[in-house]
Structure formats: structure tokens, C-alpha cells
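Here come two complexes built around chain A, the first alongside chain B, the second alongside chain C.
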Partner chain A sequence: MFVFKRMIAAIPTLVIVSLLVFWFVDLIPGDPARIQAGPMATPEEVEVIRERMGLNLPALTRYAHFLEGIVNPEVAVSLRTGRPISIEISERLPNTLIIAIGGLVVGVLLGTIAGLASALCQGTWTDTLITAITLAGISMPIYWLGLLCIWLFAVHLGWLPAAGAQTWAHFILPILAVATRPAAMFSRLVTASLLEVIGKDYLDTARSKGLSEVQVLLRHALRNSLVASVSVAGVQFGAMLGGSVVTETVFGIPGVGRMLVDAVTRADYPVIQYAILMFAFFFVMINLLTDIATQWLDPRTRQSAGAA
Partner chain B sequence: MTSTAEPGTAIMSSARKAAGRRRGMGLLAALAKQPKGLLGLTIVGLCTVLAIAGPWIAPLDPYAQNFAQTLKGPSAAHWFGTDQLGRDVFSRVLAGARTSLGIGIGSVVFALLIGVPLGMLAAYRGGRLDFLLMRGIDIMLSFPDIVFALAIVAILGANTQNVILAVGIVSVPVFARTARAVTQSTLAEPYVEGSVSLGCSPLRVMTRHVLPNIAGILLTLASLLFATTLLSASGLSFLGLGTQPPEPEWGTMLGESRSYLRSHPHLATFPGLCLALSALGFNLLGEALRTVYDPAAVNSRSKFGSIFSDLIGRARPTHPKPVRDRSDTAPALKPIETKDLRIAFLPSTNPIEVVRGISLAVEKGRTLAIVGESGSGKSTLLRAVATLLPRQAGIIGGSASISGTELRGLSPGEVQELRRRKIGVVFQDAASALNPVLTVGQQLEEAIRQGTSLSSAEARSRAIALLQDVKIADPERRLDMYPHQFSGGMKQRIVIAMALAQGPDVLLADEPTSALDVTVQQQILVLLRELQHSRGMTMLLVTHDLGLVARYADDVGVMYAGELVEFGTVDEVLVTPTHPYTLALKQSSPGLSEHGNRIRLQAISGEPPFVGRVPEGCPFEPRCHFSRNRGHCRSESPKPRLVLGRKVACHFAEELVDASASR
Partner chain C sequence: MRRSILLNTLTASLTVFLSTTAILHAAPSGVLKIAVGADPETFDPHFNDLPTGNTVDLHVLEGLFRLDAENNVIKELATDYSYSDDGKVFTVKIEKGRKFSNGDLLDAQAVAASFNRLLDPKVASIYRGLYSSIQRVTAPDEETVQFHTAEPNGHILLLLASTTATIVNVSAIEKMGSEYSRKPVGSGPYMVESFVGGERYRLVPNPNYQGRFPAKLEAIEFVVVPEDGSRMALIETGEVDIVERVPPESIAAIDALDQASVMKPPSMFSINMEIVLRGAMENPKVREALNLAVDRKGMVEGILGGLGTPSVTMPGPGTQNELRVTFDPIPYDPQRAKALLKEAGYGPGDLSLTMVCPNGRYIKDAMVCQALQGSFQAIGINATAKVVDRGTWSEIIGRKPDQREDNMGMVGRATAGMDFTLYRLFKTGVGANTTGYSSPRVDKLLAEGRATTDVKKQKEIYAEIQKQIWEDRPFVFLWYQTQAVGVSDRVKGFQVQPNETMQFDKISLQ
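Here is the complex of A and B:
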């Protein structure tokens, strides 16, 4: 029931988002057709471009065309390359997703291990070191970290390729670079939630049942950070998708992020629109899934939602 | 950026109390006291100096090109080397500080000036305005931050001002949400409601009550947010969508350096380092601010070193196996027995003795109640017997055994086995003794299956039987419910069922009813007694309620300052106390007078001695009515001895007996 309600609630958000993205072209100061045609174009040429961009049509028709472009490759084409935008996006999306998903998996694993170590070694140098690395990880500009990684592993050591997306090896550096932030976030989360439950009586209850310390840790102590972990994972996944505009530029990966940046520099407005729409769609979906998952995982909210 | 929203909303609750106290120099001092704060302040101070003076102290013109000196490495003339146009990188980094940091500050200030009034207004007005604002924020948060900023730059054009605007707009929701939440909770405070009802103008309410409360949180948030906006803004410049060359800006410089990364990595080193260090500084400062404004949100880091220390191989200090006195071994093994048991906190560094030599034994099937004021060490004693001493505590002397198994020197595996089959523990607060995120069935079945090869179906039917044993109706359905769906009494029944899971010999109950209503207390105690009798268990009950002892226990031990001052059967000890402390406890206890409530209750004057600072002689002497300043009591600690069939530790126990006989 909750899931259904939440999904219904996402629909108006998506509609407003699509309207905003559609309206975006009108917000550009000056005449888009004029900008498109360039300063040297004659008024006739500008008219032709205006016609081609569909700027003369009524707003509602243009919006309908805009939405149609999502499913019909013929309707929306790049102003620069003339290729259907939906095809461009579907070619590039896998690269973007591989890096974001890979980054999330690596980040969650590394972060959980670091967080565990930090909590278990409270007050020792291990804890201090992990805390310091975590803070550094949060403060690190990903583009600089990326450059450093390329220099060290690709240029200096020659272990991995520097740029491109031809083989799986091309994805190692970008994934490691984007994993830094989620790893740092998870490390903090795990440490904090472990320290929070550490004095709780139910851990002693679990011990008094005869569970080993490892079982107490995994089944009872870590279990409680699950709900918070899911929402942090959602936020971080979204942030990595958005961050692809930077990552893909640094590592020269042909993904949607790189496409968006190129489109902005070249003022390729339809591409900008659809790329932003795609990011927003993913973002709304991630938020939706995170909400549903946290609701489902937390027994307290689950029960009340079931009763309602 | 989204992540910074979390601390902001989390810290608002208790920050208010702290906010008023910390101002100006006091705040600086509080920050400088923490290593994080000091480092953060230093870096932020350095950043401020650079941002103001950077362009002036730059040794060379950051724009001056020199084609004879392109792409040179660091040297005496050019500390950070030169770039592709022969410009001095050191001068450019210094000059870039103003732009880079200026963009960050500009964006944060912009977001603050727009977001905070919006949030406060929404909270104050409520209704449609509030709804619209929150929906607007929802829509904004449907776009990834940097993508949203990119879109704004795409509309407005790529330059420094537009980056400030773009990153600033993206940060508005963070401030608006926080301001709204804090304002809402402040407005709900009684004193604010009071001034509103007295006709205070909204502006006055905001400036007088809301702003002071919100200031610390906003400062914290601004510092943390600065780190993110700095990185995002420079990120845009890095992509070529922000500050345009030749203007020096750290992100732009990094972007330009990309083409020369293979041959001249020094170009990327310094601007990146500056960015990372500045972000680190503001992050550190933000965290330090958070500890100042919200001490509660900061994890209470354990002062006692590691937790779960068994896991990482540094097991608690290994105690030598105590030498068993052969001649002393009784033919029948006592279910619970301690001999001169001593327990201290921080045994290795700074020992604080809380249990100071306790010898007791409980016969099979009997209930021993341990009574005493809080801080007497009674709970620590129970935890030691339950093998559940907190990490920071340890047995430093004597022995403790369960059914003849000495507890000291057991391997972790042996401890687990003992906990599974021999010991059942009932905790004081059933609500916190149950894991909130697991169903009752999961927790009960876990206890049943530990160390056995039972199938889950068998475990479930055992669990149902156990719930029936503790008189919970409809057990089958209840097994799939979560702890929060049960009442306090029911939760305690579940905890008891878990303690009984593998048929323990001894049941250890630490104030099992003190968190419950009086009527429920009775039911739980009756249940415990029935279960004890039907299963032939031995029980150790820790309580401060003498009335409960009189009704449900067989034996009683009175603890004071870590010592057992009187120990005997309930009939002996409670009817004719021979220790002044027992007598004082009895006179202060409402449930014990046999003739109704005619006897006036008497409070025990004075305070129990502070743990670890027990005075010479008898610890009860300062509060005792019988010592009458007799030096004996002050110089010599009384040893437990047999008086009228029970053990008592008082020099003048006989006097007490005579006094009560003559009364």
C-alpha cells in the first residue's frame, strides 16, 4: 500500500521536472535560434533553424514533441551531430552506470570494513588513521584525485590505461576514484552506528544466549545500521551519477556525463535537455527506491504503514 | 552537498541549549581545545589571509607570460614551476585563492541569505507557503546538484559570477530546510508560544528567540557546506564551465593542467593541494563546531579503549587460573558460588574496585536477593556471575563459579557454552534488552538454536512452547511481531522466555521489575517464582526493593560499598537485622512494616562512599547511628562473622540485637 502510494506520488514530481527541463530552453537569455545559428547567420538562416528547432510551434505542442522525443528517436536529434539523442544516451548510459554501480559496491565494501575497524579499535592509532583518511576522502576534489590516480597508475607505473572505456581495465581507476566518497561516508556511518548500539542491553542479551562476539557483531550490532546504510547508499549513488559529469571528463569516458558537459560547451540544447531529464529521472527513481527500502527494512515504520 | 543536509537536521535538537552559552572568544577557545578544531581554525585562518592578501603577496604577475620559460619544474625563481605560457604557478595559486575561496564564500552567503529567511518564513506562516516551499525543494532535489548547477550555467553563461549563483542556488535547500526545522521546533517551545500570545511581533519573535537558537547550527552548516561548494564550484571551472582563463582559479588551473599531466604533473599538484586542504580545513572546523553546538550528536567515544576486544585478538587481560583450595571443596557443588570475589573497573590502568571481596553461595532451588543502594556494586556482582562484565571491568581476585564451573580463565568457547546451557539472564529494562529490528521469534529461536542442531521448525515449536510457559497467549502470531508491538510486561515475559531457552540451571535477574508498573511487577515475580519451582532453577535477584525481597526471596545479601555486610535467610535478616545498614534499609522501606503504615519511614542520612574512595575502617561508619564515634569503627574494617546464624560485618552486631530485643 505504501509502495503504491509512494509511486503515485512520484508521478507529479516527474511531470514537473519534465516541464522544468522543457521550459529550460525558454529561460536562455536571447534567441536560442540566433545563438544556434551563430553571429554571422542571416535572418533567413536563423528562421530555418528556428523552424527546425520547432520554436514557432505552440508551447503545448512543443512539450508533446519533447516528451515524444524520449521514446521516438526520430523526433529529438542533436543539433551538432544530427544523431537521435535517445540512441546517443542509450549507447553511453552503460558506461555511466558501470562506474556508479561499481563505485557504490567498492565504496560500501571498503567503507564498511574501515568503519568496523575504526569502531573495534576505538582510541587506537588504527582508529585515528581511519578517521583521518575518511576526512581526507570527504575533502578530496574528485577531479584532482582522478588526475593523481592517472599520473600514478597510468603514467608513472603504467599498470592501467589512462583514458577511454574500451576494456574492463579502463574502469578500474574511475571506479576507485568515485568510490572514495561513499567509502568515507560508509566508514563514518558504520562507526557511528556501532558506537551507538555498543552499550545497548540487547547486545548483552545476545551474548547471554551464547552467541560469539562475531555473531553478536554481525547479527545484532551491524543490523541496526542497515536502515541508515540504505539511505546513505541511495544518496551516494545519486551523487555519483551526477558526479559522472566530472569523472567522465577526467577519465575520458564516453558516458552521459561527458555528453552533457560537451553539450553545454557547444550549446546543444536538446542534448542538454534530455541528458538532464535522464539524470532527474534516475534521481527520482533512486529516491523512490530508497524510501521504499527504508520503509520496508525498519519494522517500526513497516508495521504502521501496513496498518494504515 | 546532499550529505551535508543530514548533520544539519540532526544537530538542531540539543544545539539550542548550548547555543546561548558559546559566543565570541568562548567559541574560539572551545574550538581550539579540540585537535580537529585547532587544525581547522588554522587552515581556515590561512585561507582567509590568502583570500584577502593572495594577489598582493604574489611575487610575480600571475598573468605575465614568458615563452622562454614554459613548463619548467619548481625552482628557486619559480617555487611551483611555470605553466604552458611561462606564467609563475606560485603567483597564480596565490592570486587564485581569492577567486576560488571567494566563489565558495559567495555561494554560501547567497544560499544563507535566501535559504534562511525562506525557511523561517515557511515555518512561521505554515500553510500554503510552507507547502509550496517544501514542494519546490523536493523538485530541486530531483536533480543531482552538479547537474542542476550545470543547467544554470548553461542558461546564464560560463563565468565566475554565474558559478557563484549556480552553486549558491543549489545550496539553498540545505539552509531552507534546516532553518525551517529549527524555527518550527523553537516556535513550539512554551516560552516562545508565550511571547507570541502576548502579542510579540513576528519580527521580534524571530530575532529574539529563533535567530539565537539557529545561529550555531547555521555556522556549523555554513562551514561544512563551504567545503562542498568550493569543490563543486572549482569542479565547474575544471570542466571549463566556470571561471574562464586566463583568470587564475584553482579549478581552472587544474583543468588547464590536464593536457600536460603526462609530462608536467607539477601543474596539477599545487592547485589541487590547495583545494583539498581548504576543503579539509572547513570540514574540520565544521565538525569541531558541531561538537561545540551539539555535544549530544557526537558519539560518546568509549573512554575505556576498544569494544569487542575479543574480536581483534586482544582479549581482556588474562587472569591466572585461581588455585583451588582442595580442602575447601564441598561435596555438593553449589549452583552459584563466589569466594572473596573482587571486581575492578580499569583493572590494568587505574583500578577502581567496585566489588571488594564477596563470598556467597546459593543452594539449589533457592532464591538469593542482593539488596543495596545504587552504586553498591550489586549489579556488577550479578554481571560477573553472568559472565557479562562490561569490557572495562574485570575480576581482579577471588573466584566465581556456576554449577562448579570456575568462571575465571574460561576460553571464549567455554563461556559461550556456559551462557547457552547453564545461565539465563533477565535484564532490568526489557525494552532495551530486545533488539528492535528483529522479530520476537527470530530472537527467541536464536537463543534456542545456539550450539544445537535443531531445525528451524523444531526451534519454532520450542519457541511457541516457551511463550506458553511465560503465559503469552496466541504465541504463534506473536512470534512474528516486533518488540515495539508489546507492552512492557509482555516484553519482560519474552526476555524471561529467552533466558529459559536452553533450560538453564541458574536464573540471574537484575532488577527485573523496576521498569514496570506495580501491578505488572507482581505478575512477573509470581511468574518467575513459578518457573523457578517447576524447573528447579536457582535464582540470583538484584533489587533495591526490600518488600519484594521479603515476599519472593529465600536468602538475602545486603551490599554496601562493594561489600556484603549481612547475609542470611530472609526470615533471619529482615526480621532481626544485625547490621545497622540493614536496619536503616528496613526502616526506610515502605513495604516491610507488618502493622500497616503506622511506623514512620526513615531516610538514611548521608551518601554512600564514592566508588574507589572507600574510607578506612567500616565503610558505613560515617552514616551509622551505632558507632557513636567509637574509634574502632574508623580504624578497623569489620570482617564478616557469624551472629545469630547469619554472616554480618559489624563490630557491634550484638548490640544491635540487644537493642531490638529491648525495644
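Here is the complex of A and C:
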């Protein structure tokens, strides 16, 4: 019931987003017809191109076409290529998702290990080193980090390809680059959660049952950070989708993020509108999944939701 | 002895014959890898506006004529051509029996259909205006194509040599729809084997090719990497053989590599601040002062990293060199500029101007804009530089002069020919004349230049026009951009046209 209610609640959100996306994109400076016609075109020639693009139709008619394109993707085509946007997106979305999901998985794994190590070695040089690295990870812009990775692993060491998406090896550096920030955040989160419970009685009880220190940490202490971790993972995944614009540009990956940047440069309005709408849909779905996971993991939220 | 000489002669002749045959019919070999910065979203020559797309069109499609590496017009499908007596019909004879890569016949009908698509208002090609002097194209027989123009047009040959005028297979377009823009069917030496949007595309030899520029390579792979630093890394690691658009700050690093260096072919791009001729800007002394205030050499070296040559006429190199004339470079003389402003009635701080520049369209455009602001301020003008995104910039520079609020805009011009460039920019009242330039003398000469088919007369006319425009200073003339392409040492015979189209006619890999 809770899931159903949340899904119904997502519909008005998406409708509002569709309105905002359509009208705001319409306000972007620059005339797509003029951009495509080039600086030597006469106003009359620009007008012919504008007509072909359907830009001189009333705004409401164009909004109706926009909504029609959601139901019937064949009619929503790029102003530049004339191809259905659904095909353009479906060709590029896998690359974006590989990097976002890969980055999140690697980030969670690295962050959890680092967080555990930091909590267990509190006050030692290991803890200091991990704290310094995580702070750097949180602070570094992905653009700079990406170029640094290319310089080190591709140019200097020659271990990995610098840019492109031809093989699985091309995805290692972008995944590593995007994993840095979630890894740093998870490390801080896990450390804080563990330090909070590490002296609690229930852990002594677990130890007294004969569980090893690792089992105590993984089964009892770490569980404490799960709810917060799921929320952070949801936010981070959304951020990584949004950040794909930068990652894909730096590493030459043909994803939806880069498609969006190119579309903005070229004022390809329909591509901008549908790509943003798709990202908005993902954000809504991620939030929904995060809420469901939180409910499942934490009985207290389940009860409060039920009471509400 | 005689037998020995005969034997040696025969052996030598056989060797020469075999090696010549081997050269003439050498199988394509080697895979060339190229990293490009811009993503060509379409290869349809009627809509492509990127040099990377031109490169594909040049090798996948064929024109009646084409340009060589120095921008000279040479025959491709054409075998002969002539003008009618009244100069209004241009007739081209084409090779018989040519085929598209899919086996369709490429006869005069197919050529006419291709041009009529380009001219069709419903298709709304972005180049329709460029070819608007052609009214219709007909095919009286299978090897004759006729171009009908309203007025005599002495520049049609150049129009037909552009990659925009390459022959598309109209029946394939009808069958393939928008997919044709990714895998155009042509009759050139290569064909597009694969296209992964935003990432890569691959050309392979066309087995049906019958022309004079056969494929030299087994495959040409293009990878799209927009970020400059990442693209440069690809040549450093040896992952690609060629990288286009090397930024000034990376030239030394690539030249320092053992296996690659930077090639700097000239570019047609003529970069100028085009003045909106209104108010104070109508005063020739003010325009002269603005031109004298700019240290072109210093900016080219200091900002562009040497990737430019100070202007010596409006059209850039390669814009029909046979009609292009050059003049003395404009000196850098801020003292004289101040004096001229004073003569024009403007003391320090009396004159204000706003200039608009794009960001990332031309080499270091935003930095150049800031430097120009400083140059104009140094002679006492309240100059304001507005660096805007490409969309805003294209909208502003496309406005009619009376609708513009700025006083000048940075624009790079690189168009096919002298007539098109000068007629559109300087003919009174023409829609693309966005500066408001008007000169009855230039108008008369432009009309005469367009109508004449006599090259000698064209030379005289266009020399006069260029001289008048240079003296009138309707622009703050800046420089011609220089291309910078990183090329691996294993690549031989690689050429780049002044319009930034890569050419693989003579290429080989070691």
C-alpha cells in the first residue's frame, strides 16, 4: 500500500517537472534555427529552417507534441539528426548506467572497508591517513580527478586506455573517478556509525556469545549504519547521474549526460527536454526505492508510516 | 654479352612493371585511428556543418568536382564542363557506368535528384541559400547534367566542388530515412561501416569504387573525445595516430614526444570583430583607430600560442586563392589611434562600446575578447567585453543592424568562395550583412563579379572589392586561425584542407 501510494504521488511530480522542463528550455537563449543555419544565413533562410523544425508553432501545440512524444516515442525526434530521441537515449543510457552503478558499487565497497579500518584503528596513523584521503576525495572536483587519473594510469603508467568506450577496460577509469566521492562519504559514515555503537552493551553481549570481532562488527555494529547508508547511496546515485555530464565529457564516453551537453550547445530543444525528463524520472524512482528500502530495514519507520 | 644486356633489360622492365602494378593496385592496408573533438551528428552533406563531417563526406561521397589539399578545384565525377552563351546554363558531362556503394546506378538523373533535394524548400537544407543562384538541375541524358541559373554565375564551379554538393543517393534516403545521415550511401572510395553516436565511427573501402582516388587504408576509425586534455592523452599513449584541434598549451608537449609532432596547416577561418556601422562607428577615423589599437602579433603569440597569422585582407587563405589579394598588415600604433579619436572628436572616456564574443567557438576567443577590451581601453575608449554562450552569440550576430545593441561581434568566416563571402557580408541590404556596410561602388563590383565567367576579369574585380573593404575597415581585422593537428610519425602523406577537412588521398602508414 505504501509503495502504491508513493508511486501515485510521483505522478504529479513528473507532470510538474514536464511543465517546468518544457517552459524553461523554451527560455534558453539562442535560436536553434539560427544556430543550424550558421552565421552566413539570411533571415529568410533561417525562417525556412525554423518552419521545418516546427518552432513557429504556438507554444501550447509544441507542449502537446512534447507530451505526445512521451506516449509515442516515434514522434519525438532530434532537431539535429531527425532520429527518434528514444533511440538516441537507448543507445547511450547503458554507458551512463554502467558508470553510475559501477561507481556506486565500487564507492560503497571501498568506503565501507576504509570506514571499518578507520574505526578499528582509531587514533593511529592508519586512521589519520584514511581521514586525509577521504577528505581529499570529498573535496576533489571530478573534472580534475578524471584528468589526473588519465595522466597517471593511461599516460604515465600505460595500464589503461585514456578515453573512449570500446572495451570494458575503457570504463575502469571513469568508474574509479566517480567512485571517489561516494567512497569518501561512506567511509566517514561507516566510521561515525561504528564509533557511536562500538562501546555499547549489545556488542559485548554478542562477543560473550563467542562471535569473533569481525562477526560482531559486520553483523551487529555495521547494521546500525545501514539505514543512513541507503539514504546516502540514493542521494549519491542521483548525484552521479547528474554528474555524468562531466565524467562522460572528460573520458569521451557517449552517454546521456554528454548528449545533453551537446544538445544544449546546439539548442536541440526536444533532446534537452526528454533527457531532463528522463533524469527527473530516475530521481523520483531512486527516491521511491530509497524510501522502500528504509522502510524494510528500519521497523520504526514502517510503524510510523503505518500510523500515518 | 648481347644476351646478358637483353636479359638485364627484360628483368629490369619486368621489375618496373611489377612494382608499378603493385603501386597502382596496392591493396588498402593499415588502420588509421583519429581522435576528433566535435561529434558529427549527421553525415548528410545537406545538413552537416562540421569539418569532421566534411571529412567523411569527402571520402564516402563523390562530387562532380572536389577540392584538393590547397583548395584548388579538380574534376571528380565530371569529365567536361561548359557555360552556355548567355552564361545561364552550366553543363557538366559525367563518367558513364558509375555506381553507388549499394550497387544503384549513379547517372545524370541521380546527380540531378541529389541537387534538387538540396534546393528543395521542403527539405530545408541549411545550405539552400548558398546554392540559391541555381534554379533547377536537369539531366537531358544519362551523362549530361545542366544547372540553370537566373543570372550568369561565374562561381558555380566552386559551389559544385564543396562537400555540400557531393552526390547523395536519393532513393537510398527514401528507404533509409534518418539512418541515412549516419550511413550515407555514396560512390566514394570508402563507406561508413559503423557509427556509434557520440563515440566512434569507422570507414572501410568501398568495393564498388571506380574513381581516381582509391582507398589507401584498410579502415579509418574516428573516436570522439571532446575534452582537450583527454584527447591529447590519446596521442601521448599511442592509442590514436592523429588528434585534431590541439590547443595552444599542448603543442610543446606533443612536439616533445618521440613518436608524434604537431602539423600546422593554414585555415580559411578569418577572425574579425565585425563592427555595427552605426553612430560613432560610422566615422572612418574611429574604425581606423580601433584597428590601430590592436597588437595582433602580440596576441597571436601570447594568447593563441602562435596559432594565427595577422590579417592582410578580409577573406582567409584558401578562399579562392586565385582571386585573393593581400595588403600591408595593419600596424600596432596606439598613439596614432588616440590622435585619430581626437580628430574624430572623442577625447579619453568620451566613447563607449560593447563587443560580443563567443566562448569556445574560436581559438581562445574569450581571452582574446578580454585582451581587445584592454586594447581599446588603452586608447581611451570605455570598452566592455561580453563573452556569451554559443546560442546567445549566434542570435546576436544574426540580428539586423538596427536591432543590435552591441557595437561589434567576433565572427570567424570560412566559406567556399569569394563571391559568396563578399556578396553576403558587404552587399547593401543583403540579409546576412549584419553590420550595415553599404558602398555603391562595392555593390556594383559585386554584381559584376558574380556575372562574369572570365577569370581574368574576376581577378581585377575582386581585387578592387577587397582593396575597398580593406580601406573602409568595416571590421577590426584580426587574424587567420592556424590549424594544429597532432600526427604520429608513422602516418605519411596526411593532408588537411584550409577548411579543416582531412584528406587521405596520399596517406600511408609505416
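List of remarks:
Methods note: the second predicted complex is superposed on the first by the 262 of 308 C-alpha atoms of A that agree within 3 Å, B and C clash if a C-alpha of one lies under 4 Å from a C-alpha of the other, contacts with A are read in each partner's own complex, and residues count from 1 in each chain.
Note that in this section contacts are C-beta pairs under 8 Å (C-beta built on N, C-alpha and C of every residue); 3 or more make two chains touch, one makes a residue touch a chain.
These numbers were taken from a predicted model, which means no experiment stands behind them.
In the superposed model, A:Leu97 lies in contact with neither chain B nor chain C.
By the document's definition of touching, neither partner reaches A:Ala293: not chain B, not chain C. In the superposed model, A:Leu67 lies in contact with neither chain B nor chain C. By the document's definition of touching, of the two partners only chain C reaches A:Gly164; chain B does not.
Look at A:Val105: by the touch rule set out above, it reaches neither chain B nor chain C. Of the two partner chains, chain B is the only one that A:Thr124 touches; chain C does not reach it.
In the superposition on chain A, A:Ile113 makes contact with neither chain B nor chain C.
Of the two partner chains placed by the overlay, neither chain B nor chain C lies in contact with A:Ile133. In the superposition on chain A, contact is made by A:Leu20 with chain B only, not with chain C. Of the two partners chain B and chain C, it is B that touches the larger number of chain A residues. Comparing the two interfaces of chain A, the one with chain B and the one with chain C have residues 28-29, 147, 150-151, 155, 249-250, 265, 267 in common.
Across the complex, chain B meets chain A through its residues 2-3, 138-139, 141-147, 150-151, 153-156, 227, 231, 234-235, 238-241, 251, 254, 257-258, 261-262, 265, 268, 271-273, 275-277, 279-280, 283-284, 287, 299-303, 305-312, 386, 388, 412, 416-421, 423-425, 427-429, 432-439, 443, 446-447, 450-451, 482, 484-485, 495, 498-499, 501-502. On the chain C side of its complex with chain A, the touching residues are 35, 39, 41-42, 47, 49, 121-124, 126, 128-130, 177-179, 181-182, 196-200, 223-227, 229-231, 233-234, 236-237, 239, 388-392, 394-395, 397-398, 400, 411, 413, 415, 420, 424-425, 430-432.
Against chain C, in their complex, chain A makes its touches with residues 28-31, 34-46, 48-49, 51-52, 77-78, 80-83, 88, 91-92, 146-147, 150-151, 154-155, 158, 161-166, 249-255, 258-259, 262, 265-267. For chain A in complex with chain B, the residues that touch the partner chain are 13, 16-17, 20, 24, 27-29, 119-124, 135-136, 138-144, 147-148, 150-151, 155, 185, 191-192, 194-196, 198, 200-202, 204-214, 216-217, 219-220, 223-224, 226-227, 232, 235-236, 238-239, 241-243, 245-246, 249-250, 260-261, 264-265, 267, 272, 276, 279-280, 283-284, 287, 297-300, 303.
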